[in-house]
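Everything on this sheet refers to the single structure shown next.
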Amino acid sequence: METLFFAIITLVAIVSAILVISCKNPINSALSLVMTFFCLATYYVMLDAPFMAAVQVMVYAGAIMVLIVFTIMLLNIRVDATKKHTHKVVLGSIIGFFTLINTVFLLLKGHVAVPTGPYSGEMIKQLGHTELIGKEMFTNFLLPFEITSILLLVAIVGAVILAKKKL
Amino acid sequence: MGIEILGLPMMYYIAMVAKVLVAFIFVLLTVAYATYAERKIIGHMQVRLGPMRTGWHGLLQPIADGVKLFFKEEIVPSQASTFAFLIAPLIALIPAFITFAVIPFGGVIEVAGYKIPLQIASYIDVASGKVYDVNVGVLYILAMSSLGVYGIVLAGWASNSKYSLLGGLRASAQMISYELSAGLAIVSVFMLSGTLSLNEIVTQQSAMGGFGWYVFKQPLAAFMFFICSLAEINRTPFDLPEAETELVSGFCTEYSSMKYAMFFMAEYANMVTVCALTATLFLGGWNGPLTAEVPLLGPVYFVAKVYILMFVCMWIRATLPRYRYDQLMHLGWKVLLPLSLLNIVATGIIGYFIN
Amino acid sequence: MENLNSYLIVSAILFSIGTIGVLTRKNAIVIFLSIELIQNAVNLTFVAFSRHLGNLDGQVFVFFVMTVAAAEAAVGLALMIAFYNNKESIDVDDVNLMKW
Amino acid sequence: MSEAVAQQIEEQEPEVDLSLADKVIDKYIDLPGNLMPVLQGVQEEYGYVPRKVADYVAERLNVYPSQIYGVLTFYAQFHLKPRGRFIIRVCVGTACHVSGAPRIVETFFDKLHIGHAETTPDLRYTFEKVACLGACGMAPLAMVNDDTFGKMTVQKVDEIIAEYNQRPMK
Amino acid sequence: MNPITPIINGLKITLSHLFKKPVTLQYPTERPKVAQRFRGLHALNVSHNKAKCVACYLCPTVCPAKCITVEAGEDANHDKYAAKYEIDMLRCIFCGYCVEACPVDAIKMTGEFELANYRRQDFIYTKERLLEKK
Amino acid sequence: MVNLTIDDKQVTAPKNATIYDAAKLNGIKIPILCHDKKLKPFGACRMCLVEVEQMKGRQIPACTTPVTDGMIIRTSTPDIVKARKMVLELLLLNHPIDCPVCDKGGDCDLQNLTYEYQVNANRFTDEKFHHEIDYNNPLIERDMNRCVLCGKCARICDEIVSFGALTFISRGIETKIGCEFEDALNCEFCGSCVSVCPVGSLLARPFKFKSRFWALTNKKSVCSYCGTGCNLTLGVKDDKVLTTIYDENQGFHKGQLCCRGRFGYQFINSDKRLTTPLVRKNNVLTEASWDEALDLVASHLKGAGASAGALATPRLTNEELVLFKKLMETAGSANHDHSAGYAHAALTEGFARSFGTTASPATILDIQKSDLLLVIKTDTYETHPVVGFEINMAVKNKGVKLNILSDKSGKLSKLPDATTLIHTPGSEIAVLNAIAKVILDEKLADGSAASIPGYAELEKALAGFTPDAVAGQSGLKATDIKQLASDYAKAAKALILFPAGNAYPGHNADLASAAANLAILTNKLGKEGCGILCMAEKNNSQGAVDMGFYATNGLNASQIIDGCANGSIKTLFIAGENPVVSYPDQARIKGALDKADFLVVSDLFLTETAAMADVVLPACSFAEKEGTFTSVDRRVQHIKPAIRKIGQSRSDFDIFGALIAKLGGQAPVAPSAVFDEIAAATQGYAGMSYAALGEEGVFAPVAVKPVLVAPKAGAVTPEPGKLALVTGSVLYHNGTLSQFGEGPMYVCPEGYIELSRSDAARLKIENDDLLNITSAIGSVKLKARVSPRMPEGVLFTPYHFGAAEINQVWTGAPITWVTLAK
């Protein structure tokens, strides 16, 4: 049952990922990417990380992609069907394929450590995923967390400066 | 326990389907008669009558409207992006409905010896008698409602019309802005409840004879959440995306017949959802007197609370004029956002001292 | 719970598709989308490993990645808008002012 | 004036003899300001100023016919209609009025079947009410041509009419 | 300035209105009672079996919408009468200046307000159509 | 100049001005009802009361009081306002307040003053008048109930028109304005009384109830009837000319108009106007498109050479005439002429011979400045009524002596102290020669003329014209001739006027020369108030001559007609003329036009001539086009369109331009461009432009090189038993165009024959008898009109009417001998 479900999700994820890079219309690309994000959210649920799934949908699909779609509409980009660079496509595909082979090979052949951490699926269910993540974040990773907030602030300032025509 | 499928009793599936059906039909009917009620209520508030002709006091008006929309010609503008144009109403409608999956609309009832929690995405652990549901329920709702914007934005863009596009742009900007404040407003609720599970939140409010509502502990958060929710679902006074005086009909300018009906339904379904969520988070959900003795009272209280909130929505619509766009942004970013942040800080400090 | 490898393979496939997108497309937005795809593939790996190892560090890292992605989106899109305002295009081939 | 009388006078407009007018005009034609004497002469000759004569005078003297008519209507001395042989004037001034002039006037009207400023069809009498004749001591007063009749009574009216009926027309 | 109070006041007002008796009329079945001074369709007054209008041209002169066309004629008694008197209801703004300007009280405005028609020419009210119905 | 103070304002005024004049001159308004610029002060209405300090503050009428030095006048003290209000109240006492039905409403002085002084109520009451309204004539309605007795109508009728139809009758409280014996108005219907009436007592019936004054747009124009060149203000509404509007400041004539000018405008918007081109197909005139018609015309004109001929009416503008000439040049023909070929002979031959120029060396303005007028033919008044008004005013106001030399008497003869010499028809030239002879013999002139070329020849030629000899021949007394000669010669300034036109074949080159001789011999030329004015018939006759639109190298009108008859003219283009009615000998004209291969007529109406045409082109009236007209005294005036063109009609300018373009020539763009060409090429027009013409026009100067020419006096041989028929123009009509004006046709609807009382008595003819008039070439039936003005043996008939075409009996000779039968 779960394998079947996994297979379907995988299929959808890969197809929509391919659509992202093959659609001529950026809007369609963006929508396909949203689809991919959903699939990933599903994976996260299956990996006992419902909080991650919810955040994935909220942040990626609900915020970042909306921003991108907004930009696409704002710029009113025409479908770029004018020039075709076959050699580029072929070259890119070869590199991509090579990367794929390489990565898969490395992942499969690489040594995988045995579970070391304390958190099993049952335990997560018992304690609540959100709580665990929160604890981790605000204890062990407090400094990085604060640094990301500075990163976001910088990003906001940068975006405002860039988007403004005249300062 | 009878037949089991995939380790779950048959009854589980039957109850699940029944709950989905009940919730779905409830939302649909509410949507239908919300349109009627809205026209009636606003009519009377403006010392008019509202619909009077179709059926007794116009009771059949929603059906007539539906039939009319159903039989109208399907029009797709020649310059529109056909696929996006067709899919947009669906994208708008579906999130509005699926959020209902995690909202508890009653306690646990027992049918034919089988205990059924009145929440779609939940099950009861018979052994412990504990109801398990999606433990990130609120986040789920926030995630889903953030998806509703896609329908509107797509509709605006796909129509290839300047009014529609402006409507879509306004919708996306508005929803992103207010989602933030809405999310922060309910953080204070989580801080009190310590959980994201809606079922848990409702249970926590059952104290004080069913009146331990968070609205008493977090009135500001309740108020802000409700306002932000109105903005997120484009209700007056925040209905800028379809401001008919400026944008003809905003993102749905080019829509007609069933596709238009879907947007219409989505809007009202969203209203139901938002009201249900507010009721759940702040008004004790299905809690009320005597629910323990008569479990069926739970849904009744819940529905009553939802309807009262919907009435408030309509009341606001009858009262307030539409905000200007800059006022809207001002309110969202400069008033509600700081207020919600302050609320969190205050909740944290007070909670720290109390505990 | 599927085994770790299936997630890793899915992640690898998505990563490669993202790479191909970055390499072959010229529309800056699509390239941006492809980068997002790559990031998500990596996120998936993180979460999968985190689950496999019973350690939440990976998931916390995913959190940071998302933050970075959000910042990236904000700045990147602002850049694109600025560029579009100047060139009426977001084709990366047109970003050639510094090309000699 | 009653309709019948008016019509009679209309019909009575006789064929006038223009040579009489010629005589008058020839007499004055070379004098400046000759219109009044000519018209007076014409009135003398015909007893009134017939329209045809007025037009003829206009043509001969080279003045506008309208101008002649203006002059004729301005002066009370000119008459545009034939006048009776005997002009009966009854004073209706204040003194005569209080002494009963209205009754005298009524009686004349009844007897002669004409009204004020009208002429009998046989052209014997013309009746006129006039303002003071200057002999208030004799009120009420009547005059026939140049003869004066003071202290008039209804009986005296009959007598006057009877007397003047006897007189010849020429 | 407190932004909340006005909103609450507004809500109070709307709520109180909710319980008022609606003023709406169920129009085709319930007929409105037209006010005495309502300015509806024009009518030409009649006196002695004749329109009172003497075609003085004051109404077309004063008409701000220029919707009145008058052509005067001379009748057998050499009197002036309106040989043509037309009001184009498509242009009329029902200001009532014509009634005010009329020196002989020949035109009035009736309570007639249902002026819909199917053809454009039906909106041009000729003298015959405007004559007071008795 | 006199200095005085009006309303605390220091002003100056001419010495003989009245207070009213002085105030008006200085922009101070004094209300008045009974004043008109042209009329003598009267002081009837008492609205113009003012206070004069020197007169101890008494209220005196401004319009009759002359100014004196140092006068201090106040025009609007409270007392004055009160008095004026009282005057208005008293006027309104009897005035019916029927403004809604009164056509004067909106243009009514009484209404305006009542409004201005806010006389809302009346303290007095009295019965209104119950006078009968005069509806008897179709042009002027008299409603004496509305009269305020200002007397302007009676005064203008006397002082300017000299008809005296109206006067005050029944003085006293019953005073009213009326005609003799309370008759219906029966005058010459110039409408002057209507124009000055301050209230609605006198109204123009053709305009009655048509529109309100304020709804009209005033368009200035120039009258298109006779050659006087009167300025006209057209009242236009909805592209229709509804009336003519009186403007006392307009033109030399101060807005004064004649019957046809004031009431004859209806032809502009006549139903009978042609609206589409007509082409003869299967012998029927059928509607066609402009392209079709013009292509057809162009195909016949192309390369036509001398086989093409053109006749134009002198009602066309100067620009059109020049363009018509150009069109014929493009076609290769020089055959163009107007008005039967002789109507302009007095100018083109007579004046050309005697003065070396083709224009009259005098202007209409000279009439008032002269000492003596010698009017040849009393028709002067009838052909050019406004000139007649000028003569009236000159005689009555300025004491100018008036001598008339005519074959019948007329209205001018009735003017005070006018001397009328009635000669037998056709002996004008002989009489003029006799006068010249007397001047020479009795040395009445200063003798400076002896040096002028032709003096000796003239002296010789005049040998036979002794007064005695001419007296016998002309039926005049020798002493009268001598008297006239000495009067003329001794007058310091003397002006000769005579009319010319289609109906005056006798007024030819020799008459012009004979008259010119008198002026040259006595040196009455080139000075103010002197000279000769030949008054051509149509509004642009002088312009046609100036533009050279008469036979110079080619055939003249008569020869063109002959050419049609004998086949040498194949294509004839007639613009606006109606030869079938207006040229003599109808049978000949009709025959000739029938024979012409291709006849094109452009006209406003389907005239008798147009009905014979192969192609009829609808042309425009003067109110629809732009151009210039030249009046008889060479005043060049500019007209602008007052209304849009009727139907598909086009101006002749556009028609000729289109044809020139079709023939491959260069068509001018606008009339202004053509006028610039005219100004450059025409003697006297130099320096003119549309802008420079302004509203009143500009006189083209006339340069005179006098030559004495011996005129031939054609002997008139009376035919025994026959009467002499002279033709001419009647007061109400001009050419054949006025037939389409309702006003003139109401007053004078048909042709008639006028005969003397003695003839009538002898032939036992009474008014309105239908007479059969037979001449050598035909006969016609006309109604008789017995008139005191005709001498025995002379008949007169106007020529305008298409319905009774007098040219069936009229041959074009100065006198036609006819017999009359009942």
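All chains are identified by letter, namely A, B, C, D, E and F, in their written order; residue positions are counted from 1 within each chain.
The rule is short, and it goes like this: a contact is a pair of C-beta atoms (placed from the backbone, for glycine too) under 8 Å apart; a residue touches a chain by one contact, two chains touch by 3 or more.
Keep in mind that this is a model prediction, so the values were computed, not measured.
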Tell me, which chains sit next to both chain C and chain D?
none
From chain B, how many touching-chain steps at minimum until you land on chain F?
2
Quick check for the class: compute each chain's Cα centroid; which one is farthest from the centroid of chain A?
D
A count of C-beta pairs in contact puts on top the pair A-C
Geometric centre distance via CA averages, chain F-chain C, whole Å:
100
Quick one: report the Å distance separating chain D from chain E, using the average Cα coordinate of each chain.
65
Please report how many Å separate the Cα centroid of chain B from that of chain D, as a whole number.
115
Just the number, please: Cα centre separation of chain A and chain C in whole Å.
7
Is the chain-to-chain touch network here best called a line, a ring, a star, complete, or other?
line
Which pairs of chains touch each other in this structure?
A-B, A-C, B-E, D-F, E-F
Going by the contact rule at the top, pick out the chain F residues touching chain E in the complex.
99-101, 105, 133, 135, 141, 208-212, 214-215
Going by the contact rule set out above, which residues of chain B touch chain A in the complex?
6, 81, 83-84, 134-136, 139-140, 142-144, 146-147, 149-150, 153-154, 156-157, 165, 168-169, 172-173, 175-176, 179, 195-196
For the complex, give me every residue of chain E touching chain F.
54-58, 60-61, 72-74, 78-80, 103-104
Parts of chain A lying in touch with chain C, wherever the complex brings them together
2-3, 6, 10, 13-14, 17-18, 20-21, 26, 29-30, 33, 36-37, 40, 43-44, 46-49, 52, 55-56, 59-60, 63-64, 67-68, 71-72, 74-75, 77, 80, 83, 85, 88-89, 91-93, 95-97, 99-100, 103-104, 107-108, 112-113, 115-121, 132-133, 136-137, 140-141, 144, 148, 151-152, 154-156, 158-163, 165
Chain E-facing residues of chain B, complex
41, 43-49, 52, 315-316, 318-320
